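The two complexes that follow have subunit A in common; it is paired with subunit B in the first and with subunit C in the second.
Up next, the complex of A and B:
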């Protein structure tokens, strides 16, 4: 009996140490937006998972492409079937690092500009990205906000010539993650 | 604070992983979170119809499908009628997704000036994952009313009551998507007509098969056939066979096909198909579908 308590205690102690350095979200939000003079496309995905290592600024994020929800079911269908091919490439993944993480003081509530670099995988294609955003610290909890553009061509997402006036090659991506300690 | 087993597992993994290659482990933890228990195998067919008959697909909540359907005259009617294009039967059709699993439709067809209303319940959806469901199942039920003038329905009667103008169709739609290009559907069907010719049965049992072969991002070959028990002993009627293509443009789905039936309502094309593929009783037809989003989607 004593042994069990001791083991439980040791494990919980170890895990507190282990956990103190990571924050997680399972409900991060990513929105995508494309606009041309003919057609506007927007979608929201509220099911993005991400972990931030608060020791060194490592960030990973992952989501199912299927989780992007559109107002029009038909556009959602085209997004999945024709462009993202989510049956072949079900996930979008980011794996990177906040470069200036050492400038951030996690014990002081404030908003800090960040520069984040890493590998973004969409449609089975991995590209290096380097983008700027901001990090907000409040009561030790971290929120991340990031807005950037990606080019569909870069990720080999093919738009047929006669749809080019309806789908912008540059897609605006807006990221909002509210992390919590695990 | 609520203690959650996944959190404990994640915590333990995190703890153990901090010494090893941290970042790859972070990703593998995310894999466990992001992986869903079930992945729906969606988009079995492009629209709510295969050709004449309904597919397992339904309108999702707050989506409205407006369809305009044409069936032209006989292909072998010669150049005077422009191979049938001078004679069209049409129908207008509105289908609305009340919820993600229930679609309601109303339709008006030229043939017998028929109005019909239908419900389609999406009961099972094909999915993979922990709970593997190999098929999609929808239940389709339809009531149709013939609104021709009395003397056109039966010249011997002066008054045909409402009940004799009704016909009902019930179908099980069972489909399996084999791959991105091949989907197959079978349709056990029961039709009841309140008014029939003296030598015909009121009840008809039919079995339909339909399929698609999607050979291009936006184009698919479609086919559909119904075997019915009442064509076996009756030379006036034939089993409906339809072959055609689904072509989708950005906002519309066009279905272009040849069929030996000109009737669009289920009880009609299953029981009263008079054309025959053997002697030129073939008609060209098309459906146009345009889907509108009504209101906001749910989060």
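Up next, the complex of A and C:
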């Protein structure tokens, strides 16, 4: 009996330590941007969830495709129905790691360059990515900023031939997360 | 006589032009869905909505995805930014995450949102974006129906 209590105690202690080593956000922001001489497309998604393991730099981030909000309702409809097919693939997910996380001193307020690698799943297609960004530490709280391009072709998102001059194959993705301890 | 025909033609032309502009605006710049005015497809509790997604995510997404839902529940958490707000309705592990964009905040009035407190019971209408492991069920373009 005593042993059971002890084991339970140790497990709960371990899990609290485990929790303390993670930071989370449910209000992360991702913006997408495409520009051609004919047409500019931009959208903002303020509902991105992410968890950062401050022990080893592991990162997960996920969001719902339908949470991308456009100025024009028609563009939003086309984005969901024709391109992202959000009825079939409702989510976008990233699973990876900050490679140089050991260089970051979480007790010193500063901005650190980071290199992050992992698997990005969009439109049901998973690709390996390796991108550079920035991590800012302020009073023990971490924020991450990342800007990179993805190719629509790479994720099997097709553009009809007569829209090719309106939608750039390279879409600029801007990511901003403000993490908080769990 | 000739003048009259010209005048009629001119009126017809203007009428045609105006309806053309109207159709163009409606087709290419149609407004976003006005969730506040829409009849909800389902009226249910936050608990039931979350349970449905946790039990079978795909069939729940098929049923609720992109639909207007009216959800009742107890407030677990409120977050404000400059001109947006987000309210999480309590229940078990994940809950229902309701986001109010700047347009809906302006419609409801930030002060009507700011009087809400944790443990208040509310009815919120919003469009269902789906379910996420961390955020729970996400409703967007939300509208505050009633505070009980």
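Throughout what follows, the second predicted complex is superposed on the first by the 166 of 182 C-alpha atoms of A that agree within 3 Å, B and C clash if a C-alpha of one lies under 4 Å from a C-alpha of the other, contacts with A are read in each partner's own complex, and residues count from 1 in each chain.
Note that a contact is a pair of C-beta atoms (placed from the backbone, for glycine too) under 8 Å apart; a residue touches a chain by one contact, two chains touch by 3 or more.
These numbers come from a predicted model, not from an experiment.
Colleague: Looking at the overlay on subunit A, is there a clash between subunit B and subunit C, or do the two fit?
Modeller: Partners clash after overlay.
Colleague: Considering only the touch criterion stated at the top, classify A:95 as touching first (subunit B), second (subunit C), both, or neither.
Modeller: first
Colleague: A:72 in the overlay: touching subunit B, subunit C, both, or neither? Say first, second, both or neither.
Modeller: A:72: touches subunit B and subunit C.
Colleague: Once the shared chain is lined up, is A:58 touching subunit B (first), subunit C (second), both, or neither of them?
Modeller: A:58 contacts subunit B only, not subunit C.
Colleague: When the two structures are overlaid on chain A, which partner does A:163 contact: first (subunit B), second (subunit C), both, or neither?
Modeller: Once the two structures are laid over each other on A, A:163 reaches subunit B alone.
Colleague: With the two complexes superposed on chain A, say which partner A:27 touches: subunit B (first), subunit C (second), both, or neither.
Modeller: second
Colleague: Going by the contact rule set out at the top, does A:148 touch subunit B (first), subunit C (second), both, or neither?
Modeller: Neither partner.
Colleague: Among the partners subunit B and subunit C, which is in contact with a greater number of residues of subunit A?
Modeller: B
Colleague: What is the contact status of A:87 with respect to subunit B (first) and subunit C (second): first, second, both, or neither?
Modeller: In the superposition, A:87 touches subunit B and subunit C alike.
Colleague: Now that the structures are stacked on chain A, which of 43-51, 61-69 or 259-267 shows subunit B clashing with subunit C?
Modeller: 61-69
Colleague: Same subunit A residues contacting subunit B and subunit C, which ones?
Modeller: Correct list for subunit A: 24, 26, 46, 49-51, 62-64, 66, 69, 72-74, 80, 87, 90-91.
Colleague: Within the complex, which stretch of subunit B touches subunit A?
Modeller: Within the complex, subunit B contacts subunit A at residues 7, 10-12, 14-16, 18, 22-23, 26-27, 29-31, 33-34, 36, 39, 42-43, 59-60, 63, 180, 217-218, 250-251, 291, 293, 296-297, 299.
Colleague: Report the residues of subunit A in contact with subunit C in the complex, numbered from low to high.
Modeller: For this pair, the touching residues of subunit A are 24, 26-27, 46-47, 49-51, 62-67, 69, 72-74, 76, 80, 86-87, 90-91.
Colleague: Touching residues of subunit C toward subunit A in the complex: what are they?
Modeller: Of all residues in subunit C, those touching subunit A are 27-33, 61, 65-66, 79, 81, 84, 86, 97, 99, 101, 127, 129-135, 138, 140-141.
Colleague: For the complex, give me every residue of subunit A touching subunit B.
Modeller: 11, 14-15, 17-19, 21-22, 24, 26, 39, 44, 46, 49-51, 53, 58, 60-64, 66, 69-74, 77-78, 80-82, 87, 90-91, 93, 95, 160, 163, 166, 182
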